[in-house]
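In what follows, chain A forms one complex with chain B and a second complex with chain C.
Moving on to the complex of A and B:
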């Protein structure tokens, strides 16, 4: 177990180097000068510009810039943004925002996904099952961007059920609308996967054995079918959780939630390589951690993959 | 040897149909058999002959729909399993009548330890505590001769070999001391030496408990080793019923004869193994009259006229062949 975790952590190091290097190179390759963009139309004195460029190592070769950024990240000296904000402070403020949004959205998604997936799987071809298949097909086809703006307009501007954007009304009110939209859009895949998985498991031989043992239908469902049907779903949930940060870049920007996604969006716009790499590293570490957790959970649920 | 124990399970005129997109298909047609305490009855037939479907239908584990019991009764000590409510049947199936299946790897729940799966029988049917049930499960593993049983109760199915897994299946099926064990091709997935061990184990455990065993198989070798009586099925019909020794030495139905003829034996050394020509009919296109007539070496025009009835040739000896039963009748005269 400990060895398994250590092995995973070690394997993550080279991947981490590649990911951060790649991300940094992408930001470096973007056109435009970050400091000029920051200044807008106003002219900047050449001396100020040179000082700023030196402060952010903008004239150094690419690899030196990368190594300096990584050194800052690893030693915990995050520094300031081009605009002068302390990055460590920013992280302290923004991480909770993203966590709240992600967890709330996932809670919605899992609750809906597990509930409808199990119900439809157990009552195949019932009306819930049929309407679920149809509804999920529609939901899977709706692009997130369209749904976010539509929900913002309908429930925020017109019906005034939720704040349109921002976090002024705090948790959970300000987070409800984006979380609901993400959750409702996301549950379709989960529900369909679980339903299919249950339908496949129902025909397994061991289910026949369970029936031949004279077990009640409920016991067969919860003790024999579901634990086996959940296995592919766990993998799906892991991948989905890991993809949440990518989604947060868009949702936080649209709903004006000051989280990491919005921070990332601004940093990319301003070509702030250091911040982008820092946030990518954070995302990468959380990705590794989530994957590790999923693997451990998988081992608990399925003895066949234990210690692999 | 003819067992004289009490009739435990008596199947009478059982017919099962499946609904398919091409219309209903009759997989089991008017099948009757019975098993007594202490008797081992073999149901012999090729795949698709309806041998498994009949037992799955009467124990209620057949998927219905698409399956459907058209007619017939299956009486356990006089109570008809087919007419019973599911709740009533669950008290018998899994407790008094239990089953063992062919592929023990897929027939055991992969994410539960074997101990938990055996213990579940005690927990559900006897209401035992988890601890007691696990203790009994370990005892059962020991009874089916799994080495170091107490240490292995917590192991998972994939950690056992094929033969050991089949022993686990047996332990689970015999946990509650059933009256009837239905073993559906219990040795098919095993290699020959392990097959012999499992059959011997079933025979030993049967002798200890005086239970009735229904052994479903396509393997004549298995039948000749352990079965007291044999029921031969072809395309959903019983075509011959006899004591095992009789059927093996003196088969009446040409299908049984063909099966026996295609058994490898020392006499046939160096010669090509005879086979039954053709393939079993699709259940959607069973020939009129006798289903076997298209592959039968002695078929005549009359065979197409009607389904041959199962006629008694001698006490405990029945066959469904108009050619042979009339011959036998003539000889008897």
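Moving on to the complex of A and C:
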């Protein structure tokens, strides 16, 4: 298993270089001068512009800028943003915010998704199953932006059940409403996937065999159907979780949660290649780690793909 | 004003029932430091206004200049050398007396180009600026210069210093109200980075608690500020909410006392918060920019034809909270004339005739708009449709990032028209005409140059009599309107919501302020 993990980690290195280089190139290719974006409409004196350009290596060629950024990331010298924020401080503040939001949102999404998915899978074409299909279509059609503002207005402004925005009330109260909205918007897809997977597994030969051997319904369900039906779902959950670690840009902005998503958004707005690459690297690492975990989990669920 | 500051004052005792506290929402990312000299953005200057006091300020009632830290500001006969005498007895919030040396040293630090402080540009008018800001070759890091001080800045005694400008400038006294010129005390000047998050000001409020990255800014009244214009509030919290719509919702939920109305709510704020809104007269002026470098637009008659073809009333209604522009300066300026522009009344027949006299316009007309603005494309299409219908032009549209548009324009590569706006830093019509219309002005969007206009501006700058100076600046405005590098479009009001607890100060001259709100 150690060898498997090492092999995966080594394989991740070239991919990581490609990803960060690609992201950096995209930011570099964005039109507009970052320092002008920072200054807004006000003119900046030439001397100030020159000093700032030198400070952030903006006059260097692309590959030099990329290497300098990577060097800063690898040596842990993150420096400051264009706006003067200490990047290490920002990460210390923002990573917990994004983690809390992501975990809470996923908890909501998984609970709802697993519950409704399993239920609908076993009671096919029942009213839960049918409502689930309808709910999936409706929820997929609602743009996140609308849902977030609507929920904020209804539950925050009118009913006052939750804080409107910000993290002043701490965990979990400040994170509940955004997590619920993300969870509710996302659970339907998960539930549908699980339902289909269960329907397929229920009719599989090995389940029939298990029944024919006279195993109890509970044992068939928990030992034979679910582990197999959960395989595609685990992949889905893993990808979903990894994606969220990049930061939920729109959610964090609307609910004023100072997480990685808002940081990423500011950095892209200002064309701050270094920060964008740093955040992409973080997202990439968490993606690789979660994928590794999933592969190990696969082995637990399905001995056939166990990597020893 | 002075009488009211004695009532219900609980001087920092905190949550006493008589304590007047308010929460002001700022729709921006949290600040990373407070240093007025290195700050030119609106959120930073707003906080600086609470913590620092300017030399002079505009009286909100009369619009006249009023001394704050200064005891007198006196120009010489030519308006080239200005002597500033400070009031005795003012101190910083650390107890150190405020002296002329604090101003001179703080200003020298800012004028040093290698420090890269944002208000560096202010001092380009002062004698000796160039020595501190030598030209830097592309890609090189500016080095601290051997000369550390502006030759035009001289301390005369503890409370007096003088500023010698490169050329006479009659409006210099007005520019001194800019908060970006606030002094820093000696301990901060020695190590500005160490005080990024614990500024020491000389204004009505000081930090009430430690201020860490991402935190709201909590301020408490500082009794050492002697006025004039002492705010009523005992405690102010500035809350940073980057999303303006979210800030608006926080207001509706009753969690903040004051918020700017975002552009998305311009049509609905009066019903969302009846009796709890105020509007300012204007927040500057907005224009359509005609590139002066493009020979296709050279003929002034063509520019006037474009101007006559625009239905400003309809356009201002589309923008919301706006009035059609009647000249190049904002309507709340002394010297504003509501009949300045002779080509701004909507007249399609006259427009066609002018276009014909100009020899027509060949090829499609491109209008550039900013893609990061929610309304950029809508406004561009509205203007485009008017030009198309009233002049028979073919119009196309190009959306780009704002910074890219500016960059292309700077290198004369931008094709066609674009939008721009300007708000003054100090209340003088000169602060519209010089930046936008003087050759190589700081904000000369069209890259327009006319020696006749430069000459009139220089005369105005050298004219010590304010009334006569305004007359000269108006002449400059007339020249700019005849050449029309910028077509005046509209002036926009800002709207704000306030809780029942406070009544924001609304002034014809300095706009709306929550800092100086009165408490009900």
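The rule is short, and it goes like this: the second predicted complex is superposed on the first by the 304 of 308 C-alpha atoms of A that agree within 3 Å, B and C clash if a C-alpha of one lies under 4 Å from a C-alpha of the other, contacts with A are read in each partner's own complex, and residues count from 1 in each chain.
Note that a residue touches a chain if its C-beta (ideal position, glycine included) is under 8 Å from a C-beta of that chain, and two chains touch if they have at least 3 such contacts.
None of these values were measured; they are calculated from a predicted model.
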*asked:* Following the superposition defined at the top, how do chain B and chain C come out on chain A, clash or fit?
replied: fit
*asked:* If we overlay the two complexes on their shared chain A, which of chain B and chain C does A:214 touch? Say first, second, both or neither.
replied: first
*Looking at the overlay, does A:205 come into contact with chain B only (first), chain C only (second), both, or neither?*
first
*Looking at the overlay, does A:304 come into contact with chain B only (first), chain C only (second), both, or neither?*
first
_chain B versus chain C as contact partner of A:169, first or second or both or neither_ = neither
_Touching partner for A:44 - first (chain B), second (chain C), both, neither_ = second
*Now for A:227: first (chain B), second (chain C), both, or neither, which partner does it touch?*
first
*For the superposed three-chain arrangement, provide the angle chain B-chain A-chain C between C-alpha centres, rounded in steps of 10 degrees.*
160
*Check the contacts made with chain A and report whether chain B or chain C touches more of its residues.*
C
*Does the superposition put A:89 against chain B (first), chain C (second), both, or neither?*
second
*asked:* On the combined arrangement from the superposition, state the nearest Cα-Cα distance between chain B and chain C in Å.
replied: 50
_With the touch criterion stated at the top, can you tell me which chain A residues are shared between the chain B interface and the chain C interface?_
none
*Can you name the residues of chain A that touch chain C in the complex?*
30-34, 36-37, 39-48, 50-55, 59-60, 81, 83-86, 89-90, 93, 149, 152-153, 156-157, 160, 164-166, 253-256, 258, 262, 266, 269
*Which residues, counting only chain A, touch chain B once they are in their complex?*
203-206, 208-216, 219, 223-224, 227-228, 231, 301-304
*Show which residues of chain C lie in contact with chain A when the two form their complex.*
29-30, 32-33, 40-41, 113-118, 120-121, 124, 133, 135-136, 138-142, 196, 213-214, 239, 241-243, 245-246, 249-250, 252-253, 255, 372, 400-404, 406-407, 420-422, 435, 442-443
*asked:* Please output the residues of chain B touching chain A within their complex, sorted ascending.
replied: 56, 59-61, 63, 89-95, 98-99, 101, 103, 106-113, 120-121, 124-125, 156, 158, 169, 172
